[in-house]
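Dropping the structures in below, format is structure tokens.
Paired with subunit B in one complex and with subunit C in the other, subunit A is shared by the two complexes that follow.
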Partner chain A sequence: MLKRLYRWLDLRIGVGEIVEKELTGYLLPRNINEWYSLGSVLLVIFALQVITGMLLMIYYVPDADKAFKSVTFIMNEVPYGWLIRLCHAVGSNMMVAVLILHMLSTLLMGSYKAPRELNWVTGFTLLALVQGISLTGYLAPWSQLSFWATTVATNSASAIPVVGPYLVEFLRGGKLVGPPTLGRFFALHAAVLPVVIAAVIGAHLFLLKRTGVSAPPFGREGTATPFEAQQYHYQGHPGGIPFFPNYALQDLASISIYFAVFLAVVFFWPGMPFTPDAFVPADPFKTPAHIKPEWYFLANYQTLKIFPSELLGLSVQAAAMTFLALLPFIDRSPERHPLKRPVFLTLVIAGILLWIALSVWGHLS
Partner chain B sequence: MIRKNTLAILLLASLAFLKPALAAPVEQPETVCIQCHGTLPDRLGAPVKLWRSSIHADNGISCNGCHGGDPKDAANAMTPQRGFLGAPKEKDIPGFCGRCHPGVYKDYLSSAHGRALGAGGPTCVTCHGNHQVVKASLALINEKSCTRCHSFDRARAIRDAMQQTEGYIDDISRRIADFQVSGVDTEKMGKSLFSVRNRFHTLFHDVDVARVKGESAAINKELGKLDAALKEIEQSHQKRRVAGGIAVGFMVLLALLFHLMKKSYD
Partner chain C sequence: MENEGRRKFLGVCVAGATAAAAVAAGYPVFRYLAPRSGQGGAAKLVIPVGELKEGDAKFFEFAGSSAVLIKTQSGELVALSAVCTHLGCIVQWVKEKQQFLCPCHGGQFSTDGTVLGGPPPRPLAKIPLTVTEGNITIG
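So, the complex of A and B:
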């Protein structure tokens, strides 16, 4: 039956040619490893976020007077509403975590180097956008946590000279966080950012198709890959393994492992994305004693506290992030094996340790 | 040109990354009463030390909550013009506390303790303390405290009748709080418990043993309904965990299956 359907489609739209070009004939490096499947895992996570987000929108009301009650209704009255909401909340955290892992593997395997600078830049932009969509979604439940986290987050922009106060008012839609802020953030969260993220993912995949997949620097003699081409050249892998079925099965294995971890959090650690303030309705007249951001913003949060002025803290972070974003244009050495780049490896490990230390410090402070 | 544009995009991306960073947490400022008396020695500073471990301090009720005055203006904090009341005389203490605890005040006045006010009977601070005000609990009904004025026999009978109910209330309160921080709608149950707890607290100033026993039994019945509702939620959460365990196990098996299939192609 399936064969007949395939034949029927092939005769009309040439499915066989597409399968040959994009699946069975799409060859990948023989030494490709599991880390390369994180991109596929991220695509699945994003799709799940979109689906759960759409389902939540059926009952969620983006109105300051009704938002909290509508989320409570979803969690308690809607059949499997708790599951959909938990999947969405846990998924947003997992998306950031897997995205960081994906970027770290790219960093350590030197896959950001020429000719893949734009792949890195689009990936870095996606990290910023994913953090942006997480932040805007944070306000949606209109809880004490949402309200006050958004108040201090938007307030940080006031440290920017000259335009800071105007920017804060623009973000909030008024002097203070209130109903107009919820409208703005919800529009960004549900309409603008998903479309922008989907477009940047499209650009990221397009760039991947045009440059070809980079070969891992492990398990071979020459690990330096100088980029000296005078004209466009697709980096193919003759004699490599086909994407389908070989690597598609690796993708499926990685996606299954991801789901095992994800579901374990959803069912056995459902409080992971929340603090007690997340279940108290927003009260502009009652400031909680300690407002902590999500784990992936803790290092930023602590950095702002270390420096005597908020502007200095913001500037240091801007410099660090700009350096990271421009890395492929700064690090031009062709060597890609991390063990043959001791200075780079030391810097990466030091950077990771610093980030972890700042995050732990931010959590405990 | 392309490089300049790329640089601009990167700078914007890094700014977007920075936007969500949060500022330092907001701390509640102390009142001028605490700031000044907290540094004073002996009689003038002692109330602050006692207050710090009180139920009032835990709930953000500072000196001005009882004594009046202006907690923001050190120079005029203790002037009658700013509503400063000072310390009440002994017979005025129940009325002083009763401004915020009117229900308890009413219960106290109708009890044997209240009827003896001004004639050697106890006031609120006799049992609850004045600055180190302790939470109303059965621990306050103890031999050491009660035998200051009378024998402990009747007080013991009342405490024993209420002991089980208090434990029941504490247990249900803890379970509701646990569910509340996991997204369960506990509003109705919380209100119901609040009402039951208030009813229970009216017994604290009652010295009629038979009435205390009868009321405690009726309250236990109400608590039983809440207990049943909570057990139902607990069972549904247990079912969720079983389903979650099966789903996680299935995913692990699926991962193993795909891994083995991939190996067969290598």
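So, the complex of A and C:
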């Protein structure tokens, strides 16, 4: 039956040719490793976020008077509503975590280097967009946690000279976080950012297809045709392994491992994405004590606290982010093996340790 | 040959596991989307007799649907489903003619729900009612 359907489609739209070009004939480096499958894991996570988000929209009401009640209704009354919401909330945390791992592997294997500068830049843009979609989604339940975390986050824009105060008001749709903020954040979260993210993912994959997959700098001997910046050429891997079935199986294994971890959190640690303030409706007249942002913003939060001037704190972060975003244009040596780049490796490890230390400090302070 | 057998066995296992996973994921989604039982509104309703004058009709929600209570000019109380049996529009009460008219396709019903004209295939469904101590209990 399936074979007949395949043949029927093949006769009409040449499916066989696509399968040959994109799957069985799409060759990858022989020394490719597990870390390369994180992109596929991220695609699955994004798809799951879109599906669970659409399901949540059936019952969620983006109105300041009704939002908290509607989320409580989803959690307590709707059959399996708790599951859909937890998958969405845990999934958003997982997406940031896996995205960070994906970028770290790219960093350590030097895959951001020429000719893949644009892959890095689009990936970095995706990190910023995912942080943005997480931040805007954070306000949706209209809890004390949502309200005050958004107040603090939007307030940091006020440190920007001249336009800062106006920018804060523009972001919030008023002087304080209120119903207009929920309206614009919801529109960003559910309509604008998903489309932008999907488009940038499209660009990221397009670049990947045009430049070809990078070979890891270690493991078995590479198969890549070397890159020469004379004219465009696809960096293929003659003699490499086919994407299907070989690497598709690795993708499937990584996705399965991801699901094991993800579902373990959903079922055994459902409180992970929430603090007690997440269960209290927003009260604009009562700031809860020790309001903290999500774990991936803790380092930014602590940095702002360390520096005496908010502008200085923001500038340091902006400089660090710009440096990271433009890394392929700054670090132009062709060497990609991390052990043959001691300065780079030291900087990366120091950077990770600094980020962890700031996050822990932010959590404990 | 042995390899073929193994491959087929593994294929069946993978297909089975995929089907099981699809059911495990699909069932909560189905339950999440399915209309919730017991959400249809009250299946019994009490309306004071004095609320309705002769020749008047009162529309209300009943068991998740629309219903109407009329007091005919002879003083008889009748409760009917207000959903037209043609294509499900809500019928309107025409006081002057003492009959129901469906604005969608012109179906007409009498005060006891009988079809007087137009396309409706069946009369309006009757809803039982009792009158005790000045209260009308519907359902």
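In this text, the second predicted complex is superposed on the first by the 356 of 365 C-alpha atoms of A that agree within 3 Å, B and C clash if a C-alpha of one lies under 4 Å from a C-alpha of the other, contacts with A are read in each partner's own complex, and residues count from 1 in each chain.
FYI, a residue touches a chain if its C-beta (ideal position, glycine included) is under 8 Å from a C-beta of that chain, and two chains touch if they have at least 3 such contacts.
On a predicted model such as this, the values are computed, not experimentally measured, just so you know.
After superposition onto subunit A, the modelled positions of subunit B and subunit C are compatible, with room for both. Once the two complexes are laid over each other on the shared chain, residue contacts for A:58 go to subunit C alone; subunit B is not touched.
Vertex at subunit A: the C-alpha centres of subunit B and subunit C lie 70° apart in angle, rounded to steps of 10.
When the two complexes are overlaid on their common chain A, residue A:289 makes contact with subunit B while staying clear of subunit C. Of the two partner chains, neither subunit B nor subunit C is touched by A:40.
In the superposed pair of complexes, A:105 makes contact with neither subunit B nor subunit C. By the document's definition of touching, of the two partners only subunit C reaches A:80; subunit B does not. The larger set of touched subunit A residues comes from B, when the choice is between subunit B and subunit C. Of the two partner chains placed around the shared chain by superposition, subunit B is the only one that A:249 touches, whereas subunit C remains out of contact. For the pair subunit B and subunit C, the least inter-chain C-alpha distance in the overlaid model is 8 Å.
Comparing the two complexes, residues 77 of subunit A contact subunit B in one case and subunit C in the other.
Here subunit A touches subunit B in the complex through residues 72, 75-77, 82, 85, 121, 124-125, 127-129, 131-132, 135, 149, 152-153, 155-157, 241, 245-246, 249-250, 252-254, 256-257, 259-260, 263-264, 266-268, 270-271, 274, 276, 279, 287, 289-293, 297, 300-301, 303-305, 310, 313-314, 317-318, 321-322, 324-326, 329, going by the rule given at the top. Contacts from subunit C toward subunit A in the complex involve residues 28-29, 31-34, 36.
Those residues of subunit A whose C-beta lies close enough to touch subunit C in the complex are 55, 58, 77-81, 83-84. Those residues of subunit B that touch subunit A in the complex are listed here as 3, 6-7, 9-11, 13-28, 180-185, 240-241, 243-245, 247-248, 251-252, 254-255, 258-259, 261-262, 265-266.
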